[in-house]
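Some structures are shown below for you to check.
Two complexes come next, and they have one chain in common, chain A, joined by chain B in the first and chain C in the second.
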Partner chain A sequence: MQKGVFDDFVREVMQSREFVAPVKGDQTKEVQESFFTDIKDPSQIEIGQLTYFPIKYYFFAKKEVLFSFHKNRIEEPEIDIPERVFFGLRLCDLNSIKHQDTVFLNNGFRADPYYQARREHSLLIGMHCKKGDDHCFCQSIGLKDFYDLMFFDKDEHTYGIDVGSEKGKAFVDEFRRFFEEKEEGYITPEDKVTINTFKLDTTNIKNLWDNEVWSSLSEKCTACAACNNLCPNCHCFTVEDEVEVGDVTKGQRVRKPAACLVKGFTRVAGDHVFRDDLVGRFRHRIFHQLEFFRDRYGETMCTGCGRCIRGCPAKIDWVTGINTAARKQRGGQE
Partner chain B sequence: MKIKVDIGPYKPEPKKIISYKREAPDSFTIRLDWQIEHGPGQFVFCSAPGIGESAISICSDSRNYVDLNIREVGNVTNELGKLQVGDELLVRGPYGTQYPMQDLKGNDFLIIGGGCGVAPLRGVIKYIDGHREDFNDISLFLGFRSPEDALFKDEHEDWDKRHKLFMKFDKMEHENSTACYTGSQGFVTDLVKQEVHDNTNKIAIVCGPPIMIDKTVEILREKGFHDDQIFLSAERLMYCGMARCGRCMIRGKYTCVDGSVFRLDHFEDE
Partner chain C sequence: MAGKEKPENGKLKVGFYNVTGCAGCLLSVIYTEGDFLEFSQQVDIVSFPFIKEKNDDEQELDVAFIEGVVVTKADEETVKKIRERSKMVVALGACAHLGNIPALAKMKKSEDLEYLKYKKEDFNMDREGGPAPLHTLIKIDYTLPGCPPDRDEIRQFMKYLLLGKTFRNYNDPVCVECKLRNNGCLLDQGKICLGPIIAGGCKAVCPSGGLKCYGCRGFVQGIDKEFDGYFRIMEDKGFSLDDVKRALETFMAIDAHKVLDEKFAQYQLNRKAREESYE
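And then the complex of A and B:
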C-alpha cells in the first residue's frame, strides 16, 4: 500500500465499520495516556508509541451482562457489537489477544459466548514495531505471528502488508483498490526484526518460587492492581448480581475483570483469605504470566509489553528483579 | 449490531426441591429432582438470584436425584437456607474431578472428614455402598465442632454397622445429647493417629478445613502412606467452573477443573 492512500483507505473502511486505532491521550482531559479508541478521522492515529492502556477490554468487557433475571426466570442478553477493524496493534497486543482466545475460546471447555461474539466481529491489523522502549522485553518471550493483516514500514512511501488469515484476505479483496499484489517473500525476515534494549532472563524462573526476590519486589507494592488492569493478558474475573433499585428480585448477573493483587481475590465466606500475604499475591501474578499459563497451554502468557512496569505507581521493575535473582542463583550454584 | 447471545455455559436451570432436612444449626441438606451423570467428589453451582452463585459439592450418588448439603456461612448460602420443599433452585453442573473409584477397587478406604468437608465424603460412602464388593474395609474418621454440629446424624448408626465409624468433637458441650450416635472429645487427627497402623492396600480420602487436611497428611505420611495413596479436596473461591475466572488457581492448577479432588502427588500448595 502506498502511504499516500492510507488516509483514504481508513476513511473508506470507516464507512462500514468502526475503526479502532491508537490515539494520544488528551493532556487537558482526565485520560492523559495513550489508548485505543474508535477514531473519527485518520489524523488521530498515533502509531509512534505503545499505548499505555491495553486492547483487551474490547473483547473482555469491563462489564459483561451474562443474563438478566426476574426471580428464577432467566433472559438472554442482547449485546451491541459493531463490526470493528482494529489497526495499529503491535505483535505484543496481537499475542495477548491470542492468549485471551486460548482462555475464552480454546481452553477445552465450551467457548465463552460473549467473548466469541466480540471476536467474531473484529478484524486485527497489526503495525510492526521496529524498536521497543526502555520497558519492552518482547524479544525475551518469543511472540508468534498472529494477525489478519500486518503492516510493515517498508520505505518512505510504502507499507508492506502480510496477510495472516482468510479473514484478512477477504478484507483485502473488499478494499482491493488500496492494495497492490506483491510476490511471495516481499516481506523479508529483516522487516520483521524488533529491537529490545531491555531483556528478561527466562532460563530459571521455576526455581525462583522460594526466592527472597518476591519479598523485596513486593515491599513497595501497594496492591493497587494497576499491573492487573494494564496487563493485556490478565483475564481473571468476578461474577456478581446487580439488582434493580426497589425490586431485588430483578437484576443482571454481570462479569467484571478481577485483580489478583487485591486481597479480596481469594476471600471466601467466613472471611477466610487464601492468598493473604502480598508477597504471595505478587508472586502468583508473575508465575501465572511466566510459568502456569505455559505449563497448561504451551505459551508464555506475558507478552513482554512492559505496561505493568510503566504503569506501576511504585515503579516496581520485576524484570530486573528476576534477572538479578536468577543471576545470583546461578552464581550460587557455580 | 445487536446480537442475541446463547449463554449456554453460564445458564443455570431451575430444579425442584423434593426434600429439605436441617442437619445442624447452620447447615441443611436438600434433595433436587435432577438427573445427571456425576461421580463422587464433583460439585455444582447454586444460584440465589440477586445475591450470587456458590459452588456446592454433591453429597449423594444417584442417577435419580442430587443431594446438596449446604452450610449457611455466606450471603448466598444464607439465602439458600430459606428454601422450602417445592421451591425451585437454579443450578448448573456438575463440575470438577471425582474420586477415581474404578481405579481404587480392592483397597481399604480411610474416609477422613472434618465439618462440612464430610458432605462430599457422603457421596463416596454412597458409591461404596452401591459397589460394596469392589472395596475392602471402610473406616470413617469424622470430626465436628460439637455433637450438635454433626452432619447426617440419622445415618451414623447405619454407617457404623456397615463400616467402622469413629467420631471426634472439638467440644462436648452437650454431654447428654442423644443427637449423636457415638464419639468423644478430640480431633479427627487423633483418630488417624490411633487407628491407622500402616499403609498396606489403603487409600485415604481427606476433606475438611485446610489445617485439618495439612495435619492429617502429615500423620498419614508418618504412617508410611505415599502421596499417591492420599486424595484431598481443595476448595477456593470460584465463579466459572471452566478454568477461566482464575479465582480458584492454586500454583497453576484450577481447582474447578484439575480438582477439587486432587491426588496428593499431583498437588502442590502455595
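And then the complex of A and C:
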C-alpha cells in the first residue's frame, strides 16, 4: 500500500465499520493516557508509541451482562456488536488477544458466547514495531505471528502488508483498490525484526519460587492492581448479581474483571483469604504469567509489553529482579 | 446480618437521622431517585425529619441511618437514644464514619475556632472530648462511607436490606476503579494521592477529575504490608510521614496520626529486618 492513500483507505473502511486505532490520551479528558478507540478521523491515529491502556477491554468487557432474571425465568441478552477493524496492534497486543482467545474460546467444551461475539466482529490489523522502549521485552518471550493483516514500514512511501488469514484476504479483496499485489517473499525476515534493549532471563524461572527476590520486589508494592488492570493478558473475572430495588427477584448477572493483587481476590465463604500475604500475591501474578499458563496451554502468557512496569506507581521492575536472581542462582554467570 | 430482623408480616421500620453534618449524605439517599421511592414503598419510613413533616421518634426501629458526627451533648444523647430503640444502626457518610471535617477541631485550640461559629447562641461545642465519630460512642452494624456516600452503594445497601443478606463494603483500593476508568496515575505526577491505601467504591471520582484521593472512605480493611509499599513510594518521591498525615487529616483527623504512626513504625521495623536479611 502506498502511504499516500492510507488516510483514504481509513476513511473508506470507516464507512462500513468502526475503525479502532491507538490515539493519545489527555490529562483533562475522559481517558488520560494513550489508548485504543474508534476514531473519527485518520489524523487521530498515533502509532509511534505503545498504548498505556491495553486492547483487551474490547473483548473482555469491563461489564458484561450474562443474562437477566426475574424470579426463576432467565433471559439471555442479544449480543449486538458492531463490525470493528482494529488497526495499529503490535505483535504483543496481537499475541495477548491470542491468549485471551485461548481462555475464552478454546478452553473447555464450549466457547464463551459473549467474548466470541466480540471477536467474530473484529478484524485485526497489526503494525510492526521495529524497536521497543525501555520496558519492552517481547523478544525474550518469543511471540507468534497472529493477525489478519500486518503492516510493515517498507520504506518512505510504502507499507508492506502480510496477509495472515482468510478473513484478512477477504478484507483486502473488498478494499482492493488500495492494495497492490506483490510476489511471494516480499516481506522479508529482516522486515520482521524487532529490537529490544530490555530482556528477561527466562532460563531459570521455575527455580525462583522460594527466592528472596519476591519479598524484595514487593517491598514497594501497594497492591493497587494497576499491573493487573493494564496487562493485556490478565483475564480473571468475578460474577455478581445486580438486582432492582423495586423488585429484588429481578436483575442481571454481570461479569467484571478481577485483580489477583488485591487481598479480596482470594476471599472465600467464611472469610478465609487464601493468598493473604502480599508477597505471595505478587509472586503469583508473575508465575501465572510466566509459568502456570504455559504449563496448562503451552505458551507463556506474558507478551513482554511492559505495561505493568510503566503503569506501576512504584515502577517495580520485576524483569530486572528476575534476571539478577537467576544470575545469582547460577553463581553469577551470564 | 442486614435484614435478619425483617418482621414476618409487614415492613421494616426505618429511620433517617442526622446529628452535626451538612445533610449531604441524606441528600445522597434521596438522590438515588426512583430507587428511593421504590424503597420507601417497601419499608415503613417511620422518621426522616429532613424531608418528612410527621415523624415518630419513639417507635422501635429495625434500621436507623445516622449521618453526622457527634459534637454536642445533645448529639450524643440523640445517637444513644436511637441506638437503644434500633435493631440495626448504619453510619451514613464520612462524618459518622470517621469524623470528617468537624473533627479537625480536635487539632486546634477551641478559642481559635470561635470565629467559625456562625450562630453562637444555639451552637455549642459543649461536649467533653470534642467531635467523635459514631463508632466511638455506640455500636455500629454497617457503614456507608464517603463524603458524600456513593449513591450506587446506598442503592446496593437498600437491596441487601430487602433481600435480608449480609452487606459487604467494596474493599479494593481506589486505584482499581481508577485504572478501570482510564486514568493515568497522579503519583506519577508527584502528587500524594492516597488511592492505594484507601477503600474504593467511589468509582475513583476524585482522580478521574484530576484531584488526588484524600481518603474520605477510610483505609482498605485488613491490609498491612500494603502500607509498607505506600510509605516506600512516598519516601522515594521525597515525601515525609508528616506530608502523608497532612493529606489524610482532612477526613481522618482523629485516626490519621495514630494509625499512620503505628503503620510507619511497623514499616521501619520490617524494612530494617529485610535489609539485614539481605546482607
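The rule we apply is simple: the second predicted complex is superposed on the first by the 327 of 334 C-alpha atoms of A that agree within 3 Å, B and C clash if a C-alpha of one lies under 4 Å from a C-alpha of the other, contacts with A are read in each partner's own complex, and residues count from 1 in each chain.
The rule is simple: contacts are C-beta pairs under 8 Å (C-beta built on N, C-alpha and C of every residue); 3 or more make two chains touch, one makes a residue touch a chain.
Note that this is a predicted model, so its numbers are computed, not measured.
After superposition on chain A, the partners chain B and chain C are seen to fit next to each other with no clash.
In the overlay built on the shared chain, the residue A:A170 is in contact with neither chain B nor chain C. When the two complexes are overlaid on their common chain A, residue A:V243 makes contact with chain B and with chain C alike.
Looking at the shared chain after the overlay, A:V193 reaches neither chain B nor chain C.
Comparing chain C and chain B on the residues of chain A they touch gives the larger count to B. In the superposition on chain A, A:Q27 makes contact with chain C only, not with chain B. In the superposition on chain A, A:K220 makes contact with chain C only, while chain B stays out of contact range.
Once the two complexes are overlaid on the shared chain, A:N229 sits against chain C while remaining clear of chain B.
Once the two complexes are overlaid on the shared chain, A:L278 sits against chain C while remaining clear of chain B. Of the two partner chains placed by the overlay, only chain B lies in contact with A:H121; chain C stays clear of it. With chain A as the common frame, chain A serves as the apex of an angle whose CA-centre rays point to chain B and chain C; its value is 70 degrees, to a multiple of 10. In the overlay built on the shared chain, the residue A:E212 is in contact with chain C alone; chain B does not reach it.
Across the superposed structures, the minimum distance from chain B to chain C, using CA atoms, reads 6 Å. Taken together, the two complexes place residues 243, 248 of chain A in contact with chain B and also with chain C. For chain A in complex with chain C, the touching residues are 25, 27-28, 30-33, 35, 52-53, 62, 212, 215-216, 218-226, 229-230, 243-246, 248, 257, 259, 262-264, 273, 277-279, 311, 313-314. Partner chain A is touched in their complex by these residues of chain C: 32, 34-35, 38-39, 42, 155, 158-159, 162-163, 171-173, 175-176, 179-180, 182-185, 187-188, 195-197, 210, 220, 222-223, 225-226, 228-230, 232-233, 236, 271, 274, 277-278.
Residues 1-12, 14, 49-54, 73-77, 88, 90, 235-237, 239-240, 242-247, 249, 251-252, 257, 270 of chain B are the ones that touch chain A when the two sit in their complex. Residue ranges on chain A touching chain B, taken from their complex, read 66-67, 69, 71-72, 74, 76-83, 103-104, 107-110, 112-114, 117, 121, 235-241, 243, 248-249, 251, 253, 255, 258, 260, 265-270, 274-275, 280, 284, 287-288, 291-292, 295-296.
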